[in-house]
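For reference, the structures are reproduced in the following blocks.
Note that chain A is present in both complexes that follow, paired respectively with chain B and with chain C.
The block that comes next holds the complex of A and B.
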């Protein structure tokens, strides 16, 4: 039968860029945000790779990627993301910034998921990041789940395996590098992914070109998201001292750990 | 829009140009397939390739298992099968010159050896693609495509073997040492050939399973030369030879192989016919090589271009951070924030590197696009002539007629709309042979121009980039591997035909009347652009183009002081510098056109919205810098050629014929007071005692050269404003935001 896997994820500025908060006309933003190269949010990326992997192993599965982001930027990001795995895009035009209201974003995503034609709710697995590089509040996916009435929710997921008989075995991160194991009878459910265990698939233009046939029309169809006014921010600043990028070669793991410990101790 | 929105204080260059800008400039904004290919190649370049270089894989010229793993990365990311048409297992339809150029550009952004490794596979297939029989194409193209899971087929890789041990094939492709003989010829059956070929510097040779090799007949039963396909496993010796102890491109494999193999005659690329008991190959090795290099050289030119542009970000980062951490260098101070960017020369030199990188990328991608355009016309031309049974001289004669049509077409397009023979114009426009001739004459110039200038001048500019990093520049640790890139450029300038070959080819193709007729139109085009966009330096360029053209025509009809013809093949001292001068012009022209494209089409690109004015302003200034430099080169070269072959007058009877005699001047002084002083200021005067001013001879005469002198003076004036543009561009470099760290390991 296969699963209907919907992955929620959008873009964030490439993490190597200089990220400087500025006050824009619509509230806080990043300096030159629209000009910075963007990537699919790393947590959402893991969710997407896991979804593709699951879809490959369970025949008859389908994968959608639901993305709320500025349309033009989304298109650019798709040139890479679409090469990673087969999926169908549902695009919503709007800000992908973390300064929007999490509930409004979740609402837009849930609406978009509900509007997917042919989506079988009994087979539905909603994937996303348990946090994102733009917000990191672990809020959006939980609210999406609530809005869709998905009571089985797992956050910080590192593994999802299908057992004989169709039960789903889930590993969720807990303290101390350990995992909590749960077993679930089956869909529908929501999973906020941590990093999972899969590496980034190589780019494959052939997959990309196949995906793009549907992605371009999806981008053209993308409706503007109604996110409302959202919160107001009195002040936004970057913890500057944490962004001292240094490029060091050949450092042993122990030495890296020691340096971090020394830094924490101040 | 009449003027580009340039250089108001608010329009700074905000970030480095991104993919959205490049896609517009290099004209693949509407090609998602190519955009994906770019991302795929970039993933390999900035991932496994960069990690390998950073880990020191370049410190050996041996082909290691680690290096071999790159082939798998090429396979996985679609780079290997990019060249193959969909019906044979590839995925990209249509001509692939631009696609291959983009891949080479992305790979060489990190390491040109990796780019070469991937391209050598294409080079091996090109002879088969261009001139192979349908069966050969079907067989070999399919074999290089990575097998699909479960397909159970072994993937094959190829090498291209032309170059031979000294004294044979190098620059001079005519001197073939490789031989082909008839080994067996069964009655009524297919002949078996004995092929003996030694190669020198053959890329991919550590692992290639088949080789396309150039050989000459050493048997009365075979005619001329040809290319044959040799396979590992053919009876005889397939010796991969010793690795070349090369100092560059160590991520590719290069060896000196030796082959002594028996192969069926069906391996002759393009097939053969038997005439009076003699095997006559359909294509000579020369014909095949011409068709192959014509395309693959463009990609090489783009490798060096990528390296120049890749140097910008690491250099800016180095300059800004140069003094950070010093006791007296407090955060927020100019020294802390700008570092070496406080120094004008450091900025100006980086502007030069960037401008040269833009120009060479523009030239290279323009060349790739022209080949994409000409490819289908060329195929149809071949079919047309084959159907008509025209080949060799007969074909050349037929093409000469098409040339006349093409010239007529160009003439008609320049007439005012009312004075045109509209029907004739439409007929010529619809004539595919005319289209072919127009494009082909440009392609024949652009290919050697981009190979020559991008790599040769690119190597010089790469040295500038390295020097901007100080001692760091020539270490293995230099971010962006700039030292490696500098040295690598020298190979790019050498393989697939070194600079001399490109100059020789240009010296012929650039005199083609159809090219020159288009060149004349380009001069007018640059003036029009200058009118609408004065800041681009297009006017300077037009003046320099005019001067180049005048000089070419002058040299073609003039003799030197001894009465010897100036513009002729053997006189490389005349033809080669003029070829160099043309390259400067072409590169700057395409740079201007690309910026214009960005200014005009960028606005429709939402991803560029806020960045556009700053980008266009900055790129416009870079154009101005580059056109001024190009004009300077053209002025220097043409002046040397125009004057250099005249004999300087000496203080002898002949030389002094135009000198004034002091005693005559004194006599005239009575009637024309002051003439004596004026004559001394303006000309040469021989004193009464026979003495003369201390110099090499009377000043050189310039009769007949007045137009040149006028153009030269005008062009100098055209440089007005160029240095202001450079200052502005330099300032932008101090403001542009760059990422925190390079996007690939160091």
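The block that comes next holds the complex of A and C.
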């Protein structure tokens, strides 16, 4: 009897993109958001890779990816993500800018999870990013868990192992670079992943082709998310910063640290 | 670690997702969707399923490795009759076209005596000529250059727009971040492609997570991997080129997307072409796409014989020309990138079809070198191939060379792409004898509809590029050149900056937003990245040849400063900075040890590169 693993994760602008908040007709947004190349949020990516790994090792498991983002961009990101691991997509059409209300996003995700046909809550493991590259509040996954009535929640997870007898052993990050070890009897539970220990899987077109047969219909079925008006932002602006770039390779750690300290001291 | 190479059978596999493959898959996808459930649209390798069509794109996302364009868009509009440019970000209708000759405002440009005389005449006549800011606008734009009714496009955004529509048909699949290492050739027939290995060390050795590149077998391999694509080049080498055809004319196009300042008076839809500066051999363009955004850049051709030809610094000097700077001062770089252009046109056309394969797009010689147009032609060749394939599928005819010739090549030969390519065929020959001769040759070919043209023979880079001593003449003493060389070797840098500064080019006043260092252009503009786990894709075959190479044009011309001088003055490649422009492929001046027709530098397939889709 495998797990039913639901991974919550959406897209963020590809790293190194210049992000500029602007005041749009529906509130704050990222300038040219629809033109920016996007990737699956790196935190959620780790959660997906961990889910796929767990599903591979525990027979009978299934993996769903629940994504809330602009449908057109989701379709684009899926071309890459679908090659990484087998999953079934549940798409929700809506903004992924990070300016939306965390509780509203969590509500939309929880509603979508509850609507998954054949989902067995006694086997349910909800995965997601501990934080997000577009939102650092660490709030969404906690609220998703609360909405689903999941009382066993773990945040900053780096490892999840299945012990003999089916108990789950969890390593959570705590201060001082250490882990807190917990053991729970089994599902249901929620895990906000940190980086985990798995590398990014290679692209595998065979997995991609198998995934895509269901992904395209899922995208076509995607319903608009009812996110509401959300919070009111009094002002959005770019942090003042000056780029001083040098590309230097193989610099000693001490030299890097000294340079940063010198820079901070001005 | 896995030693097993996976294999996948599909019906049609495409290499590269640019405009040509966009045209192919748009047409094929629609055609297959309309034939859903019929025998024509049924897979031959997976009976009962729809035809299996898949496309592998090298770049990490579709639309991240291409460039901006102004096009008549005849073929594109034929595919999208109701096309509204407003549907595509950064697209605009062409409103106004200007060609300007830029004089040298600073005296550093390397101009022939004839050109200096022309400049002097123009300056003398400035009271009667339409001259301002050291530039003369041509009184009219020749018809063969005009893009009446055309479109300004960000090819990145256009490609993404096309990609979303292609995928929405559900009939085809496109996989980015999937470089194709080679074509599979068995008994003279292309049977598919092999993807690059993943989880590999820099030298290609298996590392953690090693996954040998998958073999994807197909009845038809559609090669649309552009001018420097590995599959196209492999097929050129393995099956040869038609008699008299060769790909020897190249250019590097380097560009920026710029947020124009509030003070800029250029209207959306403005198209500006320049010639004459920063060097007479370098041509420039500026297209205003709307919302105060412009695509601008230069072309540095292979017949510009400088051994220190660098695109990036020349691009900055071009932008700083008073005629352009009046529009650009205060602007901000949004994006940056570069790509190679195959400039041989029809003279570089390979065999368009063979057993198991068909060629489309720029790598198939579709670029019109007279009109300077390639995207629409590439798109149209893709459409033509798709129409031919659908015709063969409907008839239940196998996709053999003979049938593809009838269904695709004959279509292409009967089309405007071929007709106009023949007009352009000899248009650029004159450039091999000089800029002025080249311009005269272009004018002759354009005005006489191809009936007239000047002779000229393109040479390989090995035979073309001059020594630095010869190039600078007596402007820099030999002893000083040696000092500059030693300093460049010490710092691992190219020579071009030092040589250009010594020849009188002023320092670039960096402003941190438009005029930035080359490395900042990579980070701020190109957002250049490379995922780990792939082998180096630039290989120096015989290090001894590189050590003895005085020009090291691979270093000078590298668009991303990914090739530098390392220990013992050997070139060193850093794939994290490579933008896959392919300039190194045609700028290596040393023939390969075992094949004089190839160079000592191998440009293979690799992942990563530009991550901006605004180019």
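Going forward, the second predicted complex is superposed on the first by the 243 of 266 C-alpha atoms of A that agree within 3 Å, B and C clash if a C-alpha of one lies under 4 Å from a C-alpha of the other, contacts with A are read in each partner's own complex, and residues count from 1 in each chain.
As a working rule, contacts are C-beta pairs under 8 Å (C-beta built on N, C-alpha and C of every residue); 3 or more make two chains touch, one makes a residue touch a chain.
Since this is a predicted model, take the numbers as computed values, not measurements.
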Combined model on chain A where chain B meets chain C, clash or fit: clash
Touching partner for A:199 - first (chain B), second (chain C), both, neither: second
Which of chain B and chain C A:53 touches, first, second, both or neither: neither
Partner chain in contact with A:31 - chain B first, chain C second, else both or neither: first
Partner chain(s) touched by A:173 [first = chain B, second = chain C, both, neither]: neither
Contacts of A:14 with chain B and chain C, given as first, second, both or neither: both
Partner chain in contact with A:212 - chain B first, chain C second, else both or neither: both
Chain A residues contacted in one complex by chain B, in the other by chain C: 14, 16-18, 32, 34-37, 72, 75-76, 79-80, 83, 202-206, 208-209, 212, 216, 243, 245, 247, 249
Chain B-touching residues of chain A, taken from the complex the two chains share: 14, 16-18, 31-32, 34-37, 70-73, 75-76, 79-80, 82-83, 202-206, 208-209, 212, 216, 243, 245, 247, 249
Partner chain A, residues of chain C touching it in the complex: 6, 8, 52, 54, 56, 60-64, 89-90, 157, 160, 163-164, 167-168, 170, 173-178, 195, 198-199, 208-209, 211, 214, 216, 334, 512, 517, 519-520, 523-524, 527-529, 531, 533, 574, 577, 611-614
Partner chain C, residues of chain A touching it in the complex: 14-18, 32, 34-37, 72, 75-76, 79-80, 83, 199-206, 208-209, 212, 216, 242-243, 245-247, 249
Residues of chain B touching chain A in the complex: 14-15, 18-20, 32-33, 35-40, 43-44, 54, 73, 76-78, 82, 91-92, 477, 479, 605-607, 609-611, 737-743, 745-746
